[in-house]
Each structure stands twice: as structure tokens, then as C-alpha cells.
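The same chain A turns up in both complexes below, where it pairs with chain B and then with chain C.
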Partner chain A sequence: MSRGTAAARPAVPARIAGVERSLPVWALAALILVLLVALPLGWLGWVSVSSERGPTLAHYAAALSDPRLRSALLNTLVLAFWAGAGAVALGAPLAWLTARTDLPGRRLVRSLVLASFVTPPFLGAFAWVMLAGPNAGLLNRAWRALTGLDAPLVDIFTMPGLIFVVAIYTFPYVYIMIANSLELIPSDVEEAAAILGAGRLRIAVTVTLPLVAPALVSGFILAVLQALALFGSPAILALPAGFHTVTTQIWALFQYPPRVETAAAVSIPLLLATALLLQLQKRLLGRRGYAAVGGRTGQRRAIPLGRWRWPALAGVLAVMACSILLPYGVLAKAAFTRAWAQPLTRDNLTLANWTFTFFQYSATRDAVLNTLELAVATATAGAGLAALLAYIASRRVIVGHQLLAFLALAPVVIPGVVLAVGLFVAYTRPPFVLYGTLWILFVAYLTKEMPVGYSQSEATFRGIHPELEEAGRILGAGRLRVLREITAPLARAGIIATWCFVFIGVIRELSASIILFTPATRVMSVVIFDLKEEGHFGAIAVLGLFMLAMTFAVVVVVQGVLGRDVLGVRG
Partner chain B sequence: MRQRWLAVLGATVSLLGPLGLPASALDARLEAARKEGKVVWYTSLALPSAEKVARLFEAAYPGIKVEVHRTGSQRILQRVMQELAANIKNVDVIHTSDAGHFVLLKEKKLLAAYTPAGVEKFPPGFKDRDGHWYGLRATVSVIAYNTRAVSAAEAPRTWKDLLDPRWKGKVVTAHPGYSGVIATHVLALVNLHGWEYFRQLAQNRLMLVQSAVDPSGVVASGERPVAANGGDYTFYKTKKRGNPLEIVYPKEGVPLVVSPAAIAAFAPHPSAARLFTDFTFGREVQQVLADSEGLYTGHPDVRYPADKPRLSDLKLLTVDPEELEKRSEEIKKRFVELFGA
Partner chain C sequence: MPGVTLRELTRRYGGVAAVERLSLEVRPGELMALLGPSGCGKTTTLRLIAGFLRPEAGEILVGDRRLSSPDAVVPPERRRMAMIFQSYALWPHLTVAQNVAYGLRLRRNCPRAERDRRVRDMLRVVRLEGCEHRYPGELSGGQQQRVAVARALVVEPEILLLDEPLSNLDANLREEMRFEIRRLHEAFGITTLYVTHDQAEAMVISDRIAVLHRGRVVQVGTAQDLFLRPCSRFVAQFVGRSNLVEGVADGRDVVARGALRLRVASAALAPGTPVTVSIRPHQITLSADGRAPAGANVLAGVVRRATYLGDAVDYEVAVDGGGVSLRVTAPPPVRLSAGAPVTLAVEPEACVPLTEED
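Showing the complex of A and B:
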């Protein structure tokens, strides 16, 4: 259909008049994208093969022959695969239960999934140290008191512990994919199976599951990608247990004397792995078409769970307890007590952590201001740029718009740490010395958030019919004027939502910041990490809760603007 | 109440000033420092202690702010070198617990020679012979245990007691790749017992934390009942707050960690940096470090709390800063090989 309208385009007066003023704007947007993505990656690749005596593969040889780097690589693969599997095991049933059945409290469950979606994973990992440290962890203490056993129930400082903590914060990715896919699939096929006498479980496994399989695999890959790129959780849980992942290893290579070339050489395999996974996901998604043959016309009827209703709800709430209720609870306890491991007695209660964090610890103020400044700047620039790019791509304004879309989505494959290594190399030398300023963090955040911003904006413009714009142009308005007076007002809600998404992404960012910050440009996540290294649990809990409060305030704004929840069906 | 106390103390200190300088020179320097407006302090002193010193200075010299950047000694060196490589001049006063850093920094001509007033009376281990750095404070690395989990009778008494398999999974160590206290500790014990000691210690599967401040929190919470190292001042303060914790000064000797401070050669606020350095080496601040922070200092007039052992009563294991600098790579590398991360 849009192809038909494209054919009518030569009649547009602006082009005949040869005053296509918008071209420079597009060119600029394209240039920015190339700079954001190509420059750091180019430097990364170059540094990984450069030496004083010309090109070399020595850094790769050094990286791959070092048994510790190899084991870090292996650990990352193990973590990512099992975290992905865990995310599917949690996310898929949850999505089915909330989208397809008469599970009680579906709205509440959705809100809790949303909460775990926006919770910074490193805060979750930190909370789980207090919950499931083998000796002092509150859950293990309760377990010992109940059973009288000496062995802990769970030891969070292990690979399975790390996998668990990563999975409970990545399952929302699977949830979103599957819930949205289920929304698009009419339930008549399932009903037909029911009429033919199939049981609920059999329908779920033989009918529904194959229909959502592409979404499921795709969600799995998204979760794996998240797990591969994480820095905070492994730094908090794996390092005390004496093992590294690739991300913590890359970070450690920056310690004095720095081995930036090796860090670059280790980054490349990680980058290739993510690129490969994303390619795979794309092929799977490309085939999804057949799943939703019926479009959205079919009726959906909630499947009655019968006597499984309450047990199912209990299971769902157990998952949410792990990812939200228990961690938030223990953070609150740590924030208001002298000693988090001691009981909540009157003696133990205090506001000292709050006064210390906000009035005595001088880094707090600067870090909060830096974070806010960066979040507002990145969200504004990011939402603007994303809207522009999505507009170009969805309206096929220029030749090569596919390339723009590709570039805008490309940073998805770049883990934060890898991006940071590239930016560090690119911007610590002339002509662009951005290291030591907030600019380098701004560039990192903008690049990292571009895919999220772009997909959000793209969905927005897809929802706005081009006919209105064409009417405007036929009446003689230039493209920019149409954009300003017709498209922009229609796209407003979507753009505000994009702004908020980017904002949330920025305030929680740790993996790139940890390499790019300087003492003068610290942000909240870095300060929290600093405090973690020194073991100031109370202050971390205070800053963590503060960060969560900021996040949820923004989420409330998005919900208000969009009139639906953030996890909702796209398109 | 506390604020007022700070202000009074600060005012006293500023009135006394560094002795020996004529009033006009003092005024001129103060004027210059005020114009600079702030001093940037990269410090490995435990965060609450560092913030306290900063507030004392700000109370004594209104109008001059102290920017505290507290992190581990090794991270501070990393920061300084990384910033320098990018031609960023941010730090005024560098203070870490790895004396080797100051050998390296001096060799690279990154330190300004400056002798704070009064330090000539400090003992030899606290002074660089060329006057580039001076020991601001000292601590000893010790063993500590949680008295609820471990009785005094069964507690480890020597470094080698920690090798007993019954401590498997029960011990925490801080990291020489983060902390200067621990880098010094590792070298001192390697010189005493050899790397073999650490190879055997690693068999007990220690929990690895970063800062030498952290083991005190880990032991107090009971996450691990025993700490294999850590600055005694952090344990002392944790115990004073009512935590079930006891400190052991092993008989083989305790590593003495002298933490130097120096002004960067490229300091963007040189006058404020000198003012701040004089202030922190003055008797009042040195006494505060001893009183409320439980630290040792080089100042001969400082009095220590009665419940802390005197340095002269302890068998001290000292390390040579030159050796610490030369073997810094080896220390970090072997430690990571043995302990895994």
C-alpha cells in the first residue's frame, strides 16, 4: 500500500521546485550515525591489530592463549546460555498465563514484570548478596533457623547463583516477545483443538507453543544478548567467588599498567558472538509471518485454569518475589539500619545512611547532577535523532534509508563494555579528546540507546498513516512544514515515550560508564559500584532506592502519555 | 553540635597555622588558595574518614572546597595515569596506601617536592629522602574474627593458622589489585613465608573482596567469620560500633602500611594543595586520625586510644617502597593466578 503512495511522490511540488531543504538534515543524521557506530568500532578493530611495528595478530594470540582469558570466555558462554534458558523458563509460562488464561491478578503481575524490566540488574545482584550470601544471607539464616542444618540453602557466589540473578532480570525480554506474539495470534485454533477434545496442557504444548516458537527463540536470543553484555552482576557475584567473565576481564585489563590492545582483542570475539546471535534472531523473526496468519481479527477467550488458578498465581508470585519483592525489601532494610545482617530492632534502625549519602558524602550531589544532566541530554538528542531516522526510514524519504535503519539498530550487538573500549581508544587522542568530559559518556549513551529509541520511534511512525502527510504536501507544504505541523503532533506521545525509555536506560547504565568515567565525571551507577568495592551497604541501598524512585517516576509518566503499559504490544 | 565542634577545631587550626612562616607570606598563600577555590584529593583513606578530614579543612578555610575522590590505591594510580595519558590535569593531592606508587610517580617526575610544616620530626619510614612524599597515616594489616562464630580459644593466632583446612570456605581476603594495604600485606608475607604460603591459603577457597576496608564489614555481618587481612583501623572502628569482632595481631609480625601523600607536579590548584597538605600533616588532624579513625601516624606528639596496641609493642614487618614498586606486577599476577580473579 505504501508502495502505491510512493509512486505518486514525483508530483510533490517541493521536489519540482528543487528546494528540497530537508536533504542536509538527512545527510547530517546519517553522518552522526556513522560517527557514533563506525568510529569507535573502527578504532577498536584497528587497535586490536596494531603494534609499534605495524599490523599484528599478537594481541589475539596473547588473548586466546592466556588460560584465564579463555576461561573468562567460557564462563561468559555458560552464563549467557543458561541465563537465556532460565529467562525462557520463567518468561514463557508467565507470558502465557497473563495473556491467555484467567489467572487472578494479571494486571498486578504485568506491573511486577515491568518493575523487574526496569530494575538495574546490578542493584538486584547487590540485593541478592544480602539475601543469599552463604552465611550472612537472610534467606540462608532463615533456612538454618528452620531446619537446624549447617549447609546454606543457596550460595549466590557461584555460577548457578549468578545465572539465577541474571535470569530473574532478563526474563522480561522473553515475556515481552511472547506476550506480544500471543496478542497477535487469535485463539480460534486453540479453541478448535479444545473442541476436538485436547486438554489444556496438550493445547498449550502442541498448538500454542509452535505458534509462538519464533518469538520464544527470539526472546531467548535477546536474553542471551543481555547476559553476554552484563558487567555489574558478574563483578558483584563472580569476582568474590574467584572467577571472571569477559566483561569483568576486559574491565580488569584497564588496570595499571593498562593493556588496551588486549582488551580490544578480547572485545572482538564478544562482538562477533553478539552479531551472530542477532543475525540468527533476525532470520527467525523474518519467518514469524506465518504464525500470525489470522491477523488480529480473531477473538481471544481466556483459558480457564480451574483448580490450577491459585497454584499458578503462587508460582508467578514466587518468581516476582525473587526479582522484586525480596530484593526491594532487603534494600529498604539496608537503607534504614546500621547493620543489614542484624534483626530489625529499634537499636538497629537509623537514618544515618541517608544523612551520610546526601549530606556527608560529597560525591553524591555531583553524581546525581551528572546523571540527570546526561539523562536529559541523551534522551532529548536520542529521541530527536531516533524520530528523524525512523521518519526517514518509514517514509522512505531518501535512497539508502535501509542502511540508516541498519545503522540505528547496529549498536544492539555492541556490549556496553566493548563500546566503551572503542570510545576510550577513539576519544583519548587528538583530534577529539572527549575523555574526561561528560561528552564521552553522552556519546556512549546515545549510541547504546539508539536501537531502543529507534524501534520505539519506528513503531510510532508506522502507526501514523502517511495519507495525512501526503494531503499536506499536495496542498503545497514543504516536507519540514508537514513534519512540523502534521506528523509531529501525531507522533508526540510516541516521541515522549521514546524520551522516557532512553532516560531510564541512561540512569541505570554501568558497563560503559565504568570504563569511561573520570573522578570529575562520575555518575550514580559508578558511585554505587565504588561504594560496593568498599562495602558500604547502607549508602548503596540509599542510592539504589533513589535511582529506583527516579525510574518509576519516569515509568509513571510514560504510562500516562501512552495510556497503556510499557510492555504493551508494539505496532 | 558536631558541626560546631568541627568549626571550633577548624578555627583553632587555622589560627595556629604552620609555624615558622611569616604572617604576610601566610596571607599571600591563603589568598592564592582562596582564588583557586578548591583542592582535588584522590585518596584511599576509608570514605567516612576522608570525608571527615575534608569537612575539617573546609571549616578551617571557608571558601576552599575539598573534592574527595575515594577509591582503592591501585584504582587511584590507574586514574592518575589514564588521565595523564589523555592530558587531563585534575588531581592536586595523591594519597594511596601503596608506597611503591610514589616511587613510580617520582621517577616519572609527576610529583612536586613539598615538605609540609612539622614533618621533620616524623620517623624515617614516613619520609622520602628527596622530600617528594610523606606518610600521612599508617595502619597494620591484621587477622580478625567474628566472636559469635568463633571462640577466642579456637581463633587463628598466626598467619599460618589460617592454612588449617578447618577454615575452608570461612575466610575473606581483600585484593592487592585494588588495595595498597593488601599489596603491602602480600609482599610482607611473601618475604616472611614465601608464595607457598599464599598457594596453601588459596586451598581454603577464600572469598575475594576488593577494598581492605571491606573485610571488616564481611566479618561483622558474619558472611565469613575470619578475615585474612585488612587495615586494623577498619576493624577497630567496626568493633567500636558494637559489632561482635576481635582483632588478632599475629606473633610472626604485622605488615606496617605507611600511606604517603604527595602533591602532583601538574596540580591545577597548587596553593590550595599545599595548604591542604600542611593542614592534614598538622597535629590536630593527625590526632583526629588517631582518635576517631584508629589510625597510626608519624607525628611524635599524637596520643593514641588506650585500647589500641602501641606500634612499638608490635613486631612490625616493613617493606621497602622500591621493592613494592618493582614487584607490583608479580604480586597482582600471582595473586590472581592463585585466587582466581
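Showing the complex of A and C:
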């Protein structure tokens, strides 16, 4: 650029200088991302091997030789595997029934799956405590009243109970993968087998199943990943039962006196496990999956269920009852009654829980405000940053854009608890002392939601033909001007949707918040968790319903903006 | 109105050269077509000229302004060019008038009243009066195409670039738009580069055609130059159809193959060197009675196949003594059927020895 050869006309070099104006914007976005991801992970890794006397593996040795940690590890593996298997067992048939058959009420079922997708798992766990706690649980009381027996029907405070509760809120991941995959298989590939003489079962086994197999396995892996990273449900169900998972164990290591180094040493294997699983899932999808299935979407004809229609519907509704209807019902009951375990009588009905929660109990009021403030701030910053990063990557604006894409998606492998440990270490020391402020939560949410925001934005920009931007450039508009006048208006719907996704993610976040909060910076999920200790089920239910109402309001906005449902399944 | 000079341009994608040491001179006010099969580097060349890509070697000059070199690339918005894209790239969130006015809004010396006037005039030129307030999604393909043309021309660019602009239109509309683009070029006289893979399109629209192959310009000339005097096998076969006869020079203007001797349109062959001769099918006359014009190469042969094509008959004739068969295009009806002996006559000027490799 410095060589004056372009200066046959003197006006030209001055104009060239104007080109670089957009560079600081890209550089800043890239820098923020690198800080967000690299700083906590770097510190996490460093702390796990450092001591006063230089590098050491003592923390790992201590973690692995501690029998409590070993059993927590084992529990996590058991939980993750069986919850994944359960999610497949629930999600796969549901996906097939709604995508390929004439099951009655398919739209309703899809809406209910969506509802369980956005329901915070820890709320579901609370609801199931009220439903199936061994003594006061409503289902057990009904059982005792019905049979006169003394023993409870079910006890949710057990490993199978925990697996059940995790599975009924992770099966939507499997459902989404399989339903979207089935949507892409035109009926004619099955009919091609039928015309060659294959029966219905044979078609299912030799054609349909192999085509969805990658989606099936990758759905299983996604569900396992969810179960691995989960903190709320194990904390609510496993701790009273007297056992730990890795995430609750990491949390416990932060209780007084905190053992940060050991927590870091336990976090790293969890991080590696999730990274490995995700890599596996990617390769599965990359090899066959959609590439083979995709392309032109042909006609799909619904398979008639015949006399199995109504039994199938009953089965589907039973699943949805466990996941949505019963939990929401018991939450509603608890929110409007003095004693949730007592029958719904006129005396028992009250609005006291609501006035208490929103007007009397200062902790909840502050938490609601904190949560909203953080959600709006994170969604705005996150949607903006994600949009910039996705733009950089999809338009290859700067060198190293592939690295940015990788970094933006990297937090997907970081369980919330692990991220929180990293952030705690990174931001309790100079140059950034954020611990004790809302900022550390903001940073945590921003990092945690970046993959969701990034993939949403990336899809948005993929839908905008680069020639639309080039047409603006060649007519005389600089890159930033084109971004503002052409790209942004075209991407608006996608960016609003990104904002909403991040917002939903933030208001329900528990696993990072539970480690990073301080008394002045509590958020709704943390307060719900604390209220459990105090036995305030009414207030928990009120906050939970409030959280759900906000979530569903935002989901409705997204569906309006995108013109399709959040699960990505065509109606 | 400046011309465009490309000097030794090179651009690679992942080690594979899309454009390699490509040089081309476009004269001021000329419409030059870049013609070639897909993957020949023609779109890469256009995007290099537009400034969307940086060359790895070589330079691009417009008039005496150097716009691209490996060290410095003037960005697209400072090049005073306009471009019409294959996808049209109309902005779906702006009306037709807003689309067309976009480039003018970026010119400081164009007040609103003048802008509106120029947009109106331009929409009249492309016959889109009354569509000002419609959105691109509400227009037909041909109308969208014309909006793209208007948007590019209204800014009065120094250089106009077109990237296969007609490939998304159906056949009838495509033919109509060819003449439309030619008409607009004659009206405005903007130096224009037009990328296409369709030789008929290139012939209708352009003043000259540059044939690209494997990232290089293999021949530049008018449609007639390329058709009558192709310089290589590739040009002979890509622009129109051609018979290729491989032989050995047997004198300064004679090529021999077995018993076959052809006088060719050259007097500079080195005897003994291998030569390929291109003969266009329609430049061969065929007769059943052995008559031939004086001075022509006369070949005897047998009809192998005669195919009726409506406006012509395509014969395949096995030529005696040379071990070759030639395709001959003759006017209908079918006068000779398979097995008939036949005499072929070709003027020496129609036998073009190919001088370039490839």
C-alpha cells in the first residue's frame, strides 16, 4: 500500500487509506472473543497444574485418589449413559410418530416437545420432588390413599429417579435431530424399496433406519452431553439421596473452604470428555447424515397407523404428562396454595405466595431485576457480537476467520460448572477483578451462549447471498456502509431470533451462576435453588412459573419473527 | 472513457491456479466478452477486475490508474465500476426505485431532484416505467434483470462488468435480452467486460471475444476472427464445431495425411512438422457428380451417415486415402444417403492450420 505506483492520479492513495476503517471493528470483535474463551480456559488449565512450588500433577492425583470423587465420576457416567438411552427411547419414536405418521394431534405434540425443550431442567426436578418425593409427593399420597399401603410407589431421590427426570427433559435433543432428519427423507426412497418388493418392516430396517442412524447416534451423544453438564437436577435429587455427580462435586469443592485447584483438576477431564463426544458427533454427521439425505426435498406421505393411532397417542401423551402436564400442574398448584401437599380447597387457595415473592421477600425481587438486567444485556451484547463474528467468518473478512468460528463454537463443550470455575479463577485476580459484581455473570452468560448465538447468526448470513453485498460495494459503498444498509436489514429477523435464544438461555442459567453468585448478585435460578433449602415451595413455584411465562413469551416472538418453530421442524 | 489493461494476472485457490499470467487489453468503449467453459477462470478474472479479489501477481490498470497489484488493491467502492451479477443481487428489502437510486445516493454531487430524475430516466430506458414502487420479489425474471441493468448503468460507471447475467433467464427472454444489452451498450458506450460460457451470446453482444482456457487467454478477436481463424484446437472446438485433421507439413502451404494433401491458408509452414488443420463443416461443399470450383482442395469419399436437422443436413463422410472422416453441413433436403460416393471441395482459405498448442 505504501508504494506510490497507484498514484498516477493523486486522489487515489488518500482513498485507499479509507479502506481500513472497518478493520478495528473486526479486530475488536475477534479480541473480545479470544478473551472470553481463552482466558477462563487458560487459567483453568494453569491452576489445575500449578502450586507454590511450580508445576505439579498433585491436584489430579488428589482428585483421582479421592474415593468420593471417584464415585462421583462413576455416578456421572451412569447418569449420562442411561439418560442418553432414555432420551433416545423417548425421542426417536416421538419424532417418527410426528414426522411420518397420521398420529392425531401432531401439532399439539410438537408444541409440548418444544415446551419441554425450553423448560429449565431444575424446575422439572423441583416439580418431581413435589410429585414423587417418598413422603409428601402427590403421586405417592394418591397411591397410599388408593391402596392403603405404607410404602411409597416411587422415590425420586434415587439414581433411577434422577435418570428419569433428566431423560424427560433431554429427549427433545434426540427428537430434533431425528425429526429434522426424517423430514429430509422423501417418501420416494422408501417407495423405491416398496416397488422392488420390500415389506413395510423391511423398508424401515433397510432404508429408513440407516438413513436416520447418524441422527440417532448424534442425538444420543447430544443427550449424553446435556446430562454430563447438568448441575440442577443432580443437586436437587442426588444430594438428598446422598450421592454426588461430577458437577455437584465441583460445586461442593467451592463450598467453604474452597479447593479451587482440585475443582480445576476435576473440571479438566469433564471438559475433555465433552469435547471428545462432540467431535465424535460431528464426524458422524459429517460422514453421511444430511449430505446423503439432503438435496431436493421430495413429497412425504404420512404412514397410516390404523388401529394403533389412539394407543400411540396415549403413549405420547403419557410422556408429555411426565414432562409437562404433571410438573406444570403441580407448580401451578404450589403457586396458588398455602400448603401444596394439601387438597385444593377454598381455604387452601391464596395469592400470598405471589405477594411474598414479588413484594415482601427482597431476595427474590432483587434476583428478578438482576436476571432481567443480565438477560437483556447479554442478549444484546451476545447477538451483536455473534452477528459480527458470524459475518467475519462467513465473508472471510480477516485472516484467521476459521479460528474465530472455532472459538465461538468452543464453549459448547464447556459445562457451565467448569466454565464457572475457569471464570472464578480468571476474574478474581488482576487485570480483571470482576468477582462479586454482575459483570462476572455477564461474562459467563456471554461465553456460554456464544455457540447458540453464533450458529444462529451463521445460518442467517449463509442465507444472504454475498453478491447482494458485492453489488453495494461496486456501486460505491464501503464495507461498513453495506453492512449497515444492506446486510443488517436482511439479517434482522435472524438477529432478533438470536437475541431471543440468548435471552432464554440466560434467564434459566443455573450451573455457572451457582458458583459465581455473591449475596448481592443473586439471580432467579440461584434464588430458586436457595429457597429449596428453606422449604419455600410456594415461592419456588411462583418464580418458576414467572420464568416459564417469560420463556414462552420470547418463544412466541421468535416463532413470529422466523415464521417457523424453534425446533427447526417444519410444520 | 478509459480502457482496461490486465497484465500477467495470477490468482490461485488453494494451490490451484484459477487465473495464470493472464494478459488482456480492453479498448476504451469496447464490449469485450470473456468466453470459456466453467472453471476456465473467467469469473475469477471479472472479480479481480472488480476488486473483490487480490491478485497474487500482475496488475490491473484502468486508463492510467493502477487499481490492483499484489501490494495494493483499490477497494470495489473506489473503482468507479458497476457490475451486474448472475443472481442479479437485487436487494429484496428495497423497492425498484430505491435499488436503482442506491449508487446515486453515494455520490455527493447528486442532489435529490437530479437523482430522482436520473432514476426515472433510466427506468424508462430499460422499459420499467410504473414499477418504481414494487419490490424485486414482485417482478418477473426479465424485469429483475432489467432492474439490475438500470442499477448498474444509472451511476454512469467508467467500466461495466457483467457476470453471466442472462443464465437465469429462459431461452426466449435470453435472446431478447442479448439484443437489449447490445442496444444499451451502443447507447452508452461504456467499456464493458461480459463473462459468458455461451458462444452465441458472446457473438451477439460483443465487439471482441477473449477465449479463456485454463486460466489464460488463448485467443482474442472478433466473432468472425475466432470462427474463421481459430489459433488452437480448443478455440476451434469451443467456438462453433470443427473438423480437425492431423497431418504433417509437406511444403510451406501444404499439409499431408497419407494420400490426402490439403492446401492450407498459410504459406509459412516448416516442412516435416506435425500440423493440425481445422475445417468448419459448413465450409465444405459436397456434390454427387464430382464437380468442384477451381483452386479448391478436392476430396473423394463415401457418405457414412446423413442426419436431417431441419434447417441443415449433417453428413459424416469417410474420406478416401486419409483415414479421416469429416462432418459436412449442407442445406436441406437430404440429397445423399449412407453409402453414396461423394466429392468434397474445400477452399484453401477454409483449411486453417492451428499454430498454438492445446
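The rule is short, and it goes like this: the second predicted complex is superposed on the first by the 525 of 571 C-alpha atoms of A that agree within 3 Å, B and C clash if a C-alpha of one lies under 4 Å from a C-alpha of the other, contacts with A are read in each partner's own complex, and residues count from 1 in each chain.
Definition applied: a contact is a pair of C-beta atoms (placed from the backbone, for glycine too) under 8 Å apart; a residue touches a chain by one contact, two chains touch by 3 or more.
Everything numeric in this text was worked out from a predicted model, so none of it was measured.
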| item | value |
| --- | --- |
| First, second, both or neither for A:Asp530, with chain B first and chain C second | first |
| Partner chain(s) touched by A:Ile486 [first = chain B, second = chain C, both, neither] | second |
| Contacts of A:Ala477 with chain B and chain C, given as first, second, both or neither | second |
| Touched chain A residues, chain B compared with chain C | B |
| Of chain A, residues touching chain B in the complex | 68, 133-137, 157, 238-244, 248, 252, 254-258, 338-341, 356, 360-363, 428-429, 433, 435-436, 518-520, 530-531, 533-537 |
| Touching residues (chain side chain A, partner chain C) in the complex | 1-3, 5-6, 8-9, 12, 15-16, 18-19, 465, 467-468, 470-479, 481, 486, 489-490 |
| Interfacial residue positions of chain B with respect to chain A in the complex | 40, 42, 46-48, 51, 54-55, 66-72, 74-75, 77-79, 81-83, 85-88, 90-91, 169, 177-178, 205-211, 213-214, 216-218, 220-225, 241, 243, 329, 332, 336-337, 339-341 |
| Chain C to chain A touching residues, read off their complex | 50-52, 64-67, 69, 71-72, 74-79, 81-83, 85-87, 89-93, 102-103, 106-107, 151-152, 155, 161 |
